[in-house]
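Right after this note come the structures.
Here chain A shows up in two complexes: once beside chain B, once beside chain C.
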Partner chain A sequence: MSGTVPPLTRPSLPLAPAGEEWEEAPFWRRWLGSPSAVAGGVIVGAIVLAALVSLAWTPYPPLAVAPAHAFARPGPAHLLGTDNYGRDVLSRLMAGSLTTLFAGVVSVLIAAAIGVPAGLVAASRGGLASEGIMGLADVVYAFPALLAAIALAAAAGASTLTAMVAIGVAYMPVFARVTRSGALQVLSTDYVLVARSYGRSRAAIVRRHVLPNITPLLIVQSSLLFSLAILAEAALSYLGLGTPPPAPSWGAMLQGAQNYLFDDPLLAVWPGLAIALAVLGFNLLGDGLRDVLDPGLRARR
Partner chain B sequence: MFAVLAVLPGSPAQVILGTQATPSAVHALSAKLGLDQPLWERYARWVGGLVTGHLGRSYISGRPIAGQIGSALQVTGPLVGLGLVVGLAVALPLGVLGALRHRRPSGVAISAASQVGIAVPNFVAGILLIIVFAVALHLLPAGGFTPWAVAPVTAIRSLALPAVALGVVEGAILSRYVRSAVLDVLRSDYLRTARAKGLRPAQALWRHGLRNAAVPVVTVLGLEVAGLIVGAVVVENVFTLPGVGTLLLQSVQNRDLLTVEDIVMMIAGVVLVVNLLVDLSYHLLDPRIGARA
Partner chain C sequence: MTGALEVRSLSVDLGGVPVVADVSFSLRAGERLGLIGESGSGKSVTALAIMGLLPEGMRAGGRVELAGEDLVSMGERRLSALRGDRIAMVFQEPLTALNPLMRVGRQVAEVLRIHRGLGRRGAAERALGLLGRVELDDPAGVARAYPHELSGGQRQRVMLAMAVACSPRVLVADEPTTALDVVVQDQVLSLVQRLADEEGSSLLLISHDLAVVARMCERVLVMYGGRLVEEGPTRDILSQPHHPYTAGLVATAAAVSSPSGARRPGSLPALPGSVPPLGRFPSGCVFRDRCWRADRSCEAVPQLCGRDHAVACWHPVGEGAG
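The block that comes next holds the complex of A and B.
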């Protein structure tokens, strides 16, 4: 994987470093064998598709105000109706999926960018560095994510960015823990011992053996954290501390709809449904990926 | 946290007086609020206040913050308590039943229902409850709160929907842990021995299993209580309840930083204490844990 490290020849190793996949059924077949992975994949795929399509096309411009068509019922002209400003709900939901996915991706990337290296250092160095890093992670973890985001919004002003930074930092300890425990497991294997006896440096071992082996763990964790990030972004936008109006965001749409619950309750149902579906999708995908990527776990369960 | 809030741009005095204020007025107010003193001095005074219960006065309203939080707690405290009751009422039966019916259609249905329950955020659940019980059925109020002293029954009625919104979601999460803890116990040797003595599965579980299943569940319960407290911040805003969460959000909007800091630290403190209590409770549930440590 890196030019500086001469590749180890597989037959000379007592254990295959990248797992025993080649004896397993092909990846897509294992995927189809897991109901969670299929259902999660379909839901997440639909949301991603809606977001991509919204970049090029939505039935109406998501920000276009048309007071004459306010509170239109769902029908052929507006499939899901219009809101109090006459904006097309379907168009806003589609554009909102982009906000949601963007917030999820950035939050998870921030969490991983800090958490994974911290976990790797903690695992490979041990001792004081490990204690310090994991102690700090525990402190951050004890602080509720939503609370941190609210406090940050109070200080720095409400925006999608502050929400994403707060969520990302708050979930950083999850990555640190998962990475550390996974890395410790890999570091205690025979093939790492062999690599060490070859004189490989610590960094090379982490790159060549630890990272590829814990990638499945990290992918599963990313999917689960993605759903938490979506939830947190929606909650913050709902409270008026995330994506500011009029930008289309599911949480903000829900907040706007709440003023008209007695007149047009459907207006609140659509974004609520979208949020729940997105969270469900990424949760199912995470659970399913765990089955697909880690067959050993499935057998043990 | 204190440092982050203090370092960021925008002087509270400037915010209070608005953009039209003269620099000298801003300066005078800063002096009055003690904002011109060095950061570490303000920090030391704040931490001292947290310990002794003197939380200071709001930068905006000038009222003592401790009193405001105290009256807000009369709403948030019962709300979190009721939410916990609802959560346990959902999680325990569903979790145990889901484990007993493991691999049967009814068990799979329970798992699927809990998966859906987890995905519905509490504020979405709250709005759906308002639509059903307030808008469609006119059974319960859609929001607002009557103080306990004025009309206790009305107060309970206005907390009913928020507590369900809060509790059902946490209950769905908790039920999955209950289910897996009970499943572990069901597979254990001592339960098989109990079955061999002639006890039915439910009897064996009741006499020997539940206490052992409680240890992992209580661990998660601590996290769930933390989730309930933070969730209450959001749910109070759905139902316009004058609780700690509403106070926090108002203070954020007014940039009433001292109040924000006090409330955030108080909630974080409560969460830490709950986690500590959970650690201490292991020993009561399973004396072996204390003996090993």
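The block that comes next holds the complex of A and C.
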């Protein structure tokens, strides 16, 4: 019998999944190729820069009260004017960006620290563990975040920290869901089957194969949740459930400005603009990163 | 003397539907055994059941003994310790079998770190040696590469290096060359044969390609509808198939390979019908709805009978009425 006998039934050759063979452009090239990644990067970069600079220098001390200069118009002395206590708006915005970023980072970290392991366990254990975890996540998701924040503020006192915990817990289910669906996808791949065939334990597969492969997914999700967390922190501060005065916070500045809305509307415009820009920036960055980190992700959505 | 792997009444069902039924065979030490059948005959599921890697929803019954231990009833922890060390598997599709984010060398080294307790450096060194043994041109370059930088043939060699890293007693190869082009197929088959010999591993080679099995294996099992229908020395089975299904397979393959009958379209002998979907196989003999010799007696399940060359058929070809 010669070696040229073709198979009886010729199975259609499984095609490599999209993205498997594609030539990978350098990271920066792909980044620059995505308009939203560039725009988001610039906006977020500017906010981060402002926050860092505010640590060392602001035009005026953000807490310095100067009643004589209250409600100053924007001008060379005060670029964005002053508020009802004569505090420099630009300085407070810069210092507030630090609060905003800090609140975003910590609440996203809290959400991820609980949500990601929960999602991984749900995906790898399946069955009852999965039902239980995802059920719990649904309950948390259904509970109004604002109510949780009010309860927490009542119990522990209003502070940036309580706001961050409330936001983090509220977004925990989002991480759990994203992680679980991403992990299930990775767990069904051939290379996980191969890893099991050479003796990898379940826990090691999650650590060495699943986690690295869903990292892009988690980064994108973090960026998108970051913008929601900023908005939530501002809202809580506005309601007096977050950063207490006189510490500079965009939400608190907005609240302070509403009493003088007709006298000096610009006072409300600046923090509002800052919040809107930050949310836009992180949203754009998240969308851009989605394209940059994982071109296959768009098709799967 | 018991073989390297003893499979006893192995069955697999998917939600009550049998996928593999009552499969028994013995893989002798150092032997190369073929398992052949059409797509959907249960070959791959048999392999996965042996490895304890059945997908969720499928349940295995029966026994699979490796050195006296039953793999079917074994806990996942002990099974993990044996997989890759005592029993290893090579899969069909090399393109997706490697983690895209891990350098190839590290993935090969991983097997050694799990089972041999080697440190990072020691394992990396051994991995390099293994990559050389599977005849990769530039082992150091391959070790540094990510999977997408390698060709299908190169990746299948890497998979082989991982499979034989710990000199397993049993090597299961599920269509290891189906996804490769013909020239590479040939090289990889030679490599599988050589590595199995050198490591003293028994080989269970799963294929739908008679030519591959004829070349590689001393003995062959023929599977249809999740059951073994014939078993015997490769030479006997190819020259004197007893089961009508095997006879059909051999006739089809022979016609294609003979120069005279090969080129005329429409002249190829073919097995009538096609493999029914799961759960739609007839009761009794699973092949009887496609068999030209079937009658009332085939409503009962035939057992695999015969000592050396066994067949599960009420009306075997070549015995009595030919």
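Assume the second predicted complex is superposed on the first by the 274 of 301 C-alpha atoms of A that agree within 3 Å, B and C clash if a C-alpha of one lies under 4 Å from a C-alpha of the other, contacts with A are read in each partner's own complex, and residues count from 1 in each chain.
Keep this in mind: a residue touches a chain if its C-beta (ideal position, glycine included) is under 8 Å from a C-beta of that chain, and two chains touch if they have at least 3 such contacts.
The shown structure was predicted, so the numbers you read here are calculated from the model rather than taken from an experiment.
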| item | value |
| --- | --- |
| First, second, both or neither for A:Leu79, with chain B first and chain C second | neither |
| Chain B versus chain C as contact partner of A:Gly126, first or second or both or neither | second |
| Contacts of A:Pro212 with chain B and chain C, given as first, second, both or neither | second |
| Which of chain B and chain C A:Ser197 touches, first, second, both or neither | second |
| Chain B versus chain C as contact partner of A:Gln258, first or second or both or neither | first |
| Which of chain B and chain C A:Gly272 touches, first, second, both or neither | first |
| Chain B versus chain C as contact partner of A:Val53, first or second or both or neither | neither |
| Contacts of A:Thr189 with chain B and chain C, given as first, second, both or neither | second |
| Contacts on chain A seen with chain B and repeated with chain C across the two complexes | none |
| Sites on chain A touched by chain C in the complex | 1-9, 11, 13-14, 16-17, 20-21, 24, 126, 189-191, 193-202, 208-209, 212-213 |
| Residues of chain B that touch chain A when the two form their complex | 1, 4-5, 8, 115-116, 118-121, 123-124, 127-128, 130-131, 134-136, 142, 226, 229-230, 233-234, 237-238, 248-249, 251-253, 255, 257, 260-261, 264, 267-268, 271-272, 275 |
| Footprint of chain B on chain A - complex, ascending | 142-144, 146-147, 150-156, 227, 231, 234-235, 238-241, 254, 257-258, 261-262, 265, 268-269, 272, 275-277, 279-280, 283-284 |
| In the complex, chain C residues that touch chain A | 38-39, 51, 53, 56, 76-77, 80-85, 88-89, 91, 93, 95-102, 110-111, 114-115, 148, 159, 162-163, 165, 178-179, 186, 208-211, 214-215, 238, 249, 252-254, 256-257, 271 |
